[in-house]
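Notes follow the structure.
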Amino acid sequence: MSIHIEAKKGDIASTVLLPGDPMRAKWIAETFLENVLCYNDVRGMLGFTGSFKGKKISVQGSGMGIPSALIYCHELITDYDVKRLIRVGSAGSYQEDVHIRDIVLAMSASSTSGINNSRFINADFSPTADFGLLLKAANYANKNNLNVKAGNVLTSDEFYEDDPESYKLWASYGVLCVEMEAAGLYTIAA
Amino acid sequence: MSIHIEAKKGDIASTVLLPGDPMRAKWIAETFLENVLCYNDVRGMLGFTGSFKGKKISVQGSGMGIPSALIYCHELITDYDVKRLIRVGSAGSYQEDVHIRDIVLAMSASSTSGINNSRFINADFSPTADFGLLLKAANYANKNNLNVKAGNVLTSDEFYEDDPESYKLWASYGVLCVEMEAAGLYTIAA
Amino acid sequence: MSIHIEAKKGDIASTVLLPGDPMRAKWIAETFLENVLCYNDVRGMLGFTGSFKGKKISVQGSGMGIPSALIYCHELITDYDVKRLIRVGSAGSYQEDVHIRDIVLAMSASSTSGINNSRFINADFSPTADFGLLLKAANYANKNNLNVKAGNVLTSDEFYEDDPESYKLWASYGVLCVEMEAAGLYTIAA
Amino acid sequence: MSIHIEAKKGDIASTVLLPGDPMRAKWIAETFLENVLCYNDVRGMLGFTGSFKGKKISVQGSGMGIPSALIYCHELITDYDVKRLIRVGSAGSYQEDVHIRDIVLAMSASSTSGINNSRFINADFSPTADFGLLLKAANYANKNNLNVKAGNVLTSDEFYEDDPESYKLWASYGVLCVEMEAAGLYTIAA
Amino acid sequence: MSIHIEAKKGDIASTVLLPGDPMRAKWIAETFLENVLCYNDVRGMLGFTGSFKGKKISVQGSGMGIPSALIYCHELITDYDVKRLIRVGSAGSYQEDVHIRDIVLAMSASSTSGINNSRFINADFSPTADFGLLLKAANYANKNNLNVKAGNVLTSDEFYEDDPESYKLWASYGVLCVEMEAAGLYTIAA
Amino acid sequence: MSIHIEAKKGDIASTVLLPGDPMRAKWIAETFLENVLCYNDVRGMLGFTGSFKGKKISVQGSGMGIPSALIYCHELITDYDVKRLIRVGSAGSYQEDVHIRDIVLAMSASSTSGINNSRFINADFSPTADFGLLLKAANYANKNNLNVKAGNVLTSDEFYEDDPESYKLWASYGVLCVEMEAAGLYTIAA
C-alpha cells in the first residue's frame, strides 16, 4: 500500500495506462480487459488490473493536472515497480489538421507548469517520450492504417485561460494539442 | 451544467466547502449536513448540497493540485454563481508548534506553482484570503477556545519532493504548513 | 549603536511604528506620545521613544523603498531586540472603493521587488502580516466603527511607473493599494 | 543571394545536411556526393550541393552554437526554400551506455540557451524533431542493424562549463548527450 | 515644486551631485560650495545649490536604495531639467586592491534589483555611465595623480545579506565594490 | 594545441584582435601586419600572427555568436596565455546618430543571451570592458580626431528577430548598436 493507492504489491501490472478520469479507467478496464480486478478506490481514483490478449495490464486514473498525476506516477514507479506508464486521454487541438478522434503521439511536452523551474534553474528541460514505446506505437499505427500524428504537445496548468488568444503562439511553433499531464509524466519517468 | 459538473443551476449553494478528496466531501455531507443531494458524479468528483443549521451549503471535491482545483473553482464561480469558496483539507506541518489536528487559517499562500508566472510576469503576486471570512473564522475559534493558527502556507505542485530538505527554507520564513491548492483558489477568486 | 542608528540599547521600545518619512515620525511622536526622546538623527532619519497611555512605544523613519526600510528593520530586530514592527504610511489606491483617509490593513504584500528572487528561486513567497497584530487591529477598528479594509497590497520599487496602465492588472486581482516597503518588512520579520 | 550565403536560387537542394564544421561539410560532400558544386565560401562557411544515389542534396556548415546556426537555417528556409534540415555532428555523451561512434537521434532538445525566453515568456517550449524524418531514420537503422539511440539531448551555449558537475543533473533525467545547435534548429524549423 | 522636492524651477543647477545621506549633502555644500541655498527639506532629504569655482552646482540627498533614489532622479530630470546627475557616496570593496579612500568610477552597474525585470523581460540590461562624464573624470584624475579605478560595480537591494559568501561570485567576475543606487540612476538617466 | 586551435604555444601574441569573420581576420592580417604567420585553419577559423609597428599582434576569427566566440576566447586565455582580447567587427545601429563607418567603443554589453542565467541566478551581471583599454582607445581617437562613440551595446543571439520592433526598447534606453559576441567576451574575460 502506498499513501494514495491501496493495492498490494503484485496487484498492479508493470505496464499501466493512465487516463485522467477514473471513470474512463473503469470504461477501459470493462471494455478491453478480461478478469478485471479493481485494486484501488482511495479518493475515488479507480485502478484496475486485467489481461489483454493474455498480457497483464493495469489502468489507473491519475486525476487532472500534473500535481495529481505526479502522485500516482511516483507511487506506481516507487512502490509498485511499474516500468511502462502510458498516458491516454483527450486533448484540445491547436492545429487545423488535428481533428476529433485523431490520435496524437506526444514526442515531447512543452509546458506552462512550474515543476521544472526548481529542477533546472533558468534552463529548459524538454520532457521526452520513451523512444521504444513511441516507435512501437507509430509502426503499429502505420501497419494498421490508423491516422496518428506525432510531435510536440503543450501541458497546461489551466483548463480555462485568461487570454483566449494564448494558444496561437504555441500553434505557430507547431504544438499539436494541449493537455494537462504529459510533461509531468515524462519528467519523473525520465 | 458545466463541463466537469453535471449540476443544474440552483443545485449548488452560494457557499461551497472544497476538500480535495471527493470521499471527504461525501463524509462531510453525510456527517454535518441534512437533506443532502448529490449533484455531481462526473469523473467521480462528488459534490453535495444540504443544510447546516438551516443554511444551504455545498461540499465539492476539487481533486489534488492547483490545475484540478482551478477547474472546479472556475466553474463554480462562473457557471453556478458561487460567492464563497472555502478550501478544507489536510496539510503537512512545517513548524514544530503546528501539530496534528491543529487548525490553520491560510492568510496567504506562497507557491512553487507556475500559474502566476504568465499573469504577473517577473513580479510576485501574493494570493490572499478574503479578510471577512478569515476574521469570522478567527473570532469564532477564539470564542470557542479552538486552537487555530493563521499565517502563510505553501501551495506545492509536488507531493514528493526531490530534495527532502527543501521545506527548511520555507519554514525559516514562517510558513506554517504545505498543501496543494490554496494559491490557485486565492488567485482566481481574487 | 548600530551602523545607521545611534541609540543606546534600551532607548528603543519593543514596539516600533515605522513611517517612511522621518518628519512624519516626528509628527507622530509630538502628537501622540508623552515624554518623548529623540534617539536618532543619523542621516536625518529621526527616531523617537515616548509613552502612549502608559506604554513605551517608538517611532522610527524608514526612508522610502524596501532597501532603506530593510536596513532599519534589520538593525531594530537584531541590535535593539524590537519585537513588533508596524509600518504606517500613505498608499495609493488601486480600487474605486478605497478612498482617501481609509485605513488599509495589509494582510500580505505582492511585490515587483527582486529581494525574494534569490531567497526563493523561481518560487513565489507571499510576505504575510503577523496574524495576532492584524486581528487586534481589525477587532479594535470594528468596535470603534473605524472604516478599515484588509487584504493584498502591492509593494513597488518605482513611484513613477513607465507604464501608467500597469496598475490595472494588480487591481483586477484585488490588490487594494500600492506602497513601497511592506513586502520587505513582512519578509525579514517572518 | 542571402546575407551570409552567396548561392543563387536553385543552387541549394531542398534537403540540407548541417554539420557545424565547414571542413566536415567539405568532407561529407567529397566522400558521399557526386557532381559536387561549392555554392558558398562567405566567411569560409562552406556549402556544397551534389547528388546522392540520384537525389540532389546539399551540405552546409553552420558554425558552432545556436546564434550562428540560426542565421544559416533562417536563410536556407526563407531565401532558398529548403524543406528538410538535418543537423549532423558530434556530441558529448552524458550516459555510460552512449559510446563513441554511437548514433543518437535527437527527439527533442533541452537547452541552456536564452533564445526561447522571449518567445515563450516564463514557459518551457520543447523543441522537437520532425516525426516523419525521425521515424524514417529509426526504421532504416533498425533494418540495417545500426546502433542508434533516440531521446532527449542538451543544447548548450558553453563548450567549457564553469561547473564540471553540471552535466550530472541532465544525465539523471535521461539526457543522452550534449551538443550546441539542435534546440535552435528545432525551434525555428517548427 | 515636485512631490518630494519643494524647490522652485531655477533653484536647482543642471549638474547635481547625489549622495545617499542628506547630511553628506549638507557637508559637501558647506565644505565646497559658496553662496549656498538650501532648497529642500521635505522628508529631511536636504538639497542645496551653490557655486563651485564660479559654476552653479547642486547637491541632493537621494536616500538609500534604488526606489528612493529613483524618485529624486525622476523629479530632478522631469521637473527641474537637470542634465548631469553624478552619484557620490561610499561603497563596500569586493576586491583586495580596492582600499578605503580609493575612488571608483562605475562604468556600469550589475544589480540584484528587480527594476529592470519588467522593462527588459528575461534579458539583461547593463546600466552604463555617460561616457563623456566618465572620460573627463578619468583624465582629470590621471593628470592630478589621483588613484582611481573604473569598472563594474554591484547595486544591491540588501545592505545585510542572508549569505555572507554571496559577494565572492561577483568578486570573481571582477566587480569592484557594492553600493545601493547606481543601477537605478544609470537606468532612468539612459 | 587546444581543441579548436592548432597553434603551438608562443605562436599567438598576448594581444589578439577578434573579428567574427575569419576572412576579415585574413584581411586585417594582410592589410595591417608584417611577417604574417597563419597559425590556425581548424574549422576554417583562421588565425594569424604578425607585427604592427614592431609589436607582435594576432588576429583570430571567432565565428558568429557568443557560443562560438566563447570557445576561442577560452582557449586563447587558458591555453595560450592571451592577456588582451579586443573584439572588432560590424554592428547594427540602434540610434539615428550612429552612422555607417562610425566607431563604437562598447563600455558594457546588454544581452538577450542566457549565458549568465546560471552564473548569476535571477540577478543582472553587466559585462564591462577593461577600462584601461577603453581609455587608451578613447584618448587616441580624440587626439586623432576620429569619430568614436562609447556606451552600451546589445549582444543578441538572433540576427533575425521575430519582432522587428524589438530594437525600439533597447534604443530608448540608449543602447548604441547590436552585435553578437561582446557580452560573452566581457563575461569570461572578467
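Worth a mention:
Order of writing sets the labels: A, B, C, D, E and F. Residues in every chain begin at 1.
We adopt the following convention: contacts are C-beta pairs under 8 Å (C-beta built on N, C-alpha and C of every residue); 3 or more make two chains touch, one makes a residue touch a chain.
Predicted model, so just to flag it, every value in this text is computed and none were measured.
Looking at chain B and chain C, the chains that touch each of them are A, E. Any chain that touches chain A and also touches chain F is listed here: C, D. Two copies of one chain, chain E and chain F, form a contact in which over half of the residue numbers belong to both partners.
Two chain pairs, D-F and D-E, are weighed by contacting C-beta pairs, with D-F ahead. Against reference pair B-C, the listed pairs A-B, A-D or A-F yield one interface repeat, A-D (criterion: more than half of contact pairs the same by residue number). Distances between chain centres, each the mean of the C-alpha atoms, put D farthest from chain C. Averaging C-alpha coordinates per chain places the centre of chain C 26 Å away from that of chain E.
If you average the Cα atoms of chain A and of chain E, the two centres end up 56 Å apart.
Distance between chain B and chain E, defined via averaged C-alpha coordinates, is recorded as 48 Å. Residue positions 112-114, 117-119, 121-123 of chain F each touch two or more of the other chains. In this structure, the chains touch in the following pairs: A-B, A-C, A-D, A-F, B-C, B-D, B-E, C-E, C-F, D-E, D-F, E-F. Against chain D, the residues of chain E that register as touching in their complex are 121-123.
Put simply, chain A touches chain D in their complex at residues 105, 107-113, 116, 119-120, 123-131, 134-135, 138-139, 149-152, 169-170, 173-174, 183, 187, 190. Per the touch definition, chain B reaches chain D in the complex via residues 114, 117-118, 121-122.
Interface of chain D with chain F (complex): residues 20-23, 42-46, 61, 63-68, 70-71, 74, 112-115, 117-119, 156-160, 162, 166, 180.
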